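Each of the two complexes below includes chain A, the first together with chain B, the second together with chain C.
Coming up: the complex of A and B.
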């Protein structure tokens, strides 16, 4: 199953030391994730994940690798405490999931709240057949506006950080001359 | 028998949590900052899965209205996660920019070497 494949890729990511390999594997991971989302009927999310997760993030990671030219090497770091923390968190979370309703049943609480309203009235109220688009752009338009602000702020941040870098390098070169 | 049934009913959540914990482990245990950010990415994507999975109805179709279908999966988690994916990639981009600045300032992106240099100065 796809989820098992995802777990295997994740373990490979944890164990691999070459950063280039890790970035390639994270692209594989994103495409597998998109396939899983497709199976879960989330077609819009799957498309976004394939484009943004596998495309844009991989390009960004490769660009960062190019800028830093780094390679991860085995470190004499103690791994016992992080492993303990991770295992404890994992066991607690798995214990908690047994209170969730079983996967895929139609009368879970999540399907009883606002979702039926969206599914029944979206076509009359917004004239959009794709309910995901209707909710994203119409019912929850302000959320999407907030998202745009977040992305804009992040873009400004990246621009300022990288611009300062270039000026710093120029300045140092000027001093050397 | 009940326990086995219960395990398969929740198998998707268990696999998701394994991904999440792997991301957490990378973030805590690895000193390389790009690797740390990839761990953060794993954690984020596993959260997407955790949100989308309860919205699925077995036998349902994607929430695109069509007269031939009556059962649709829940569209609300899809909307929330679409927002989260875009915000996530913005976060990663900002993190990578900071990493490249750290490399500029210290000549390394290994956490231990940076701490060692901080102590020398």
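Coming up: the complex of A and C.
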């Protein structure tokens, strides 16, 4: 039911021409997605989706809409080849899913490899009460550290780009503020 | 009873989503988007009681805060055309 709503909202986002409406719809999408994740008992993911999708990305999209032009250029040619590529890749991916183990069964390889070890020994080895936190911050500590570095670098890059742009525009207009 | 409430919330969600998509003016869309956030809060709360886990209420509270931020950002942008609007700048 909720997934049907999600699909409807997604199609509306693609078809809508008013960028403002798209931003409102993407906020709606995030809340619906968070509710779906909630139904699946993934509370932490739902929280992240609501915070990032509905909170931060709405503000960021609005800021981007302010910085760029809101006019759309006419489509130069019908996009037949990209559509073909997308359909073929989609069909191939769906075909590939038939080789996967059935969804959610307990003896899939991913549940047999290291997960039992974590569940058995995480609390004694790391003294962290939550196994998910123990895996993320301790067993995969370097991995998480690398992710933090990537996000940090991306943030610095964006800030540098935007700062240069702001100064250049002010200099041209002679209106430094 | 919670199941009936769940159905009612989902029906309301459908109606509100229709308004977001069709809404002729921006204000319809903003108001409907805000309503979706509110309905999501109710949905999470009802879901918590339906599954016998009332702790979900905390998550619902967080949704409320986020919903406020998003709606405020949209409205502020619509009024001033800028997010970093400052009233004192206008007077100076």
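Note that in this section the second predicted complex is superposed on the first by the 162 of 177 C-alpha atoms of A that agree within 3 Å, B and C clash if a C-alpha of one lies under 4 Å from a C-alpha of the other, contacts with A are read in each partner's own complex, and residues count from 1 in each chain.
FYI, contacts are C-beta pairs under 8 Å (C-beta built on N, C-alpha and C of every residue); 3 or more make two chains touch, one makes a residue touch a chain.
These numbers were taken from a predicted model, which means no experiment stands behind them.
Undergrad: Report for A:63: first if it touches chain B alone, second if chain C alone, otherwise both or neither.
TA: A:63 contacts both chain B and chain C.
Undergrad: So, A:143: does it touch chain B (first), chain C (second), both, or neither?
TA: Touch partner of A:143: chain B, not chain C.
Undergrad: Would you sort A:43 into first (chain B), second (chain C), both or neither based on which partner it touches?
TA: both
Undergrad: Just to be sure I read the superposition right, which of the two partners does A:123 touch: chain B = first, chain C = second, or both, or neither?
TA: first
Undergrad: With both structures fitted on chain A, tell me whether chain B or chain C touches more of chain A's residues.
TA: Of chain B and chain C, more residues of chain A lie in contact with B.
Undergrad: Quick one: classify A:31 as touching chain B (first), chain C (second), both or neither.
TA: second
Undergrad: For A:23, is the partner it touches chain B (first), chain C (second), both, or none of the two (neither)?
TA: After superposing on A, A:23 lies in contact with both chain B and chain C.
Undergrad: Which parts of chain A are touched by chain B and by chain C alike?
TA: In chain A, positions 23, 43, 63, 65 sit in both the chain B and chain C interfaces.
Undergrad: In their shared complex, at which residues does chain C touch chain A?
TA: Touching chain A: residues 10, 13-14, 17, 20-21, 23, 26, 29-30, 32-33, 36-37, 40, 43-44, 47, 56, 59, 62-63, 66-67, 69-70, 73-74, 77-78, 81-83, 89 of chain C.
Undergrad: So in the complex, which bits of chain A are touching chain B?
TA: 3-4, 6-7, 10-11, 13-14, 19, 22-23, 26, 29-30, 33, 36-37, 40-45, 48-49, 52-53, 56-57, 60-61, 63-65, 67-68, 70, 72-73, 75, 77, 79, 81-83, 85-87, 89-90, 93-94, 97-98, 100-106, 108, 110-111, 114-115, 118-119, 122-123, 129-132, 135-136, 140, 143-144, 147, 150-151, 154-155, 157-158, 161-162, 164-165, 168-169
Undergrad: So in the complex, which bits of chain A are touching chain C?
TA: Interface residues on the chain A side: 1-2, 5, 8-9, 12, 16, 20-21, 23-25, 27-28, 31-32, 34-35, 38-39, 43, 46-47, 50-51, 54-55, 58-59, 62-63, 65-66, 177.
Undergrad: Which residues of chain B touch chain A in the complex?
TA: Counting only chain B, the residues touching chain A are 6, 9-26, 28-32, 34-35, 37-38, 41-42, 45, 48-49, 52-66, 71-79, 81-83, 85-87, 89-94, 96-101, 103-104, 108-110, 112.
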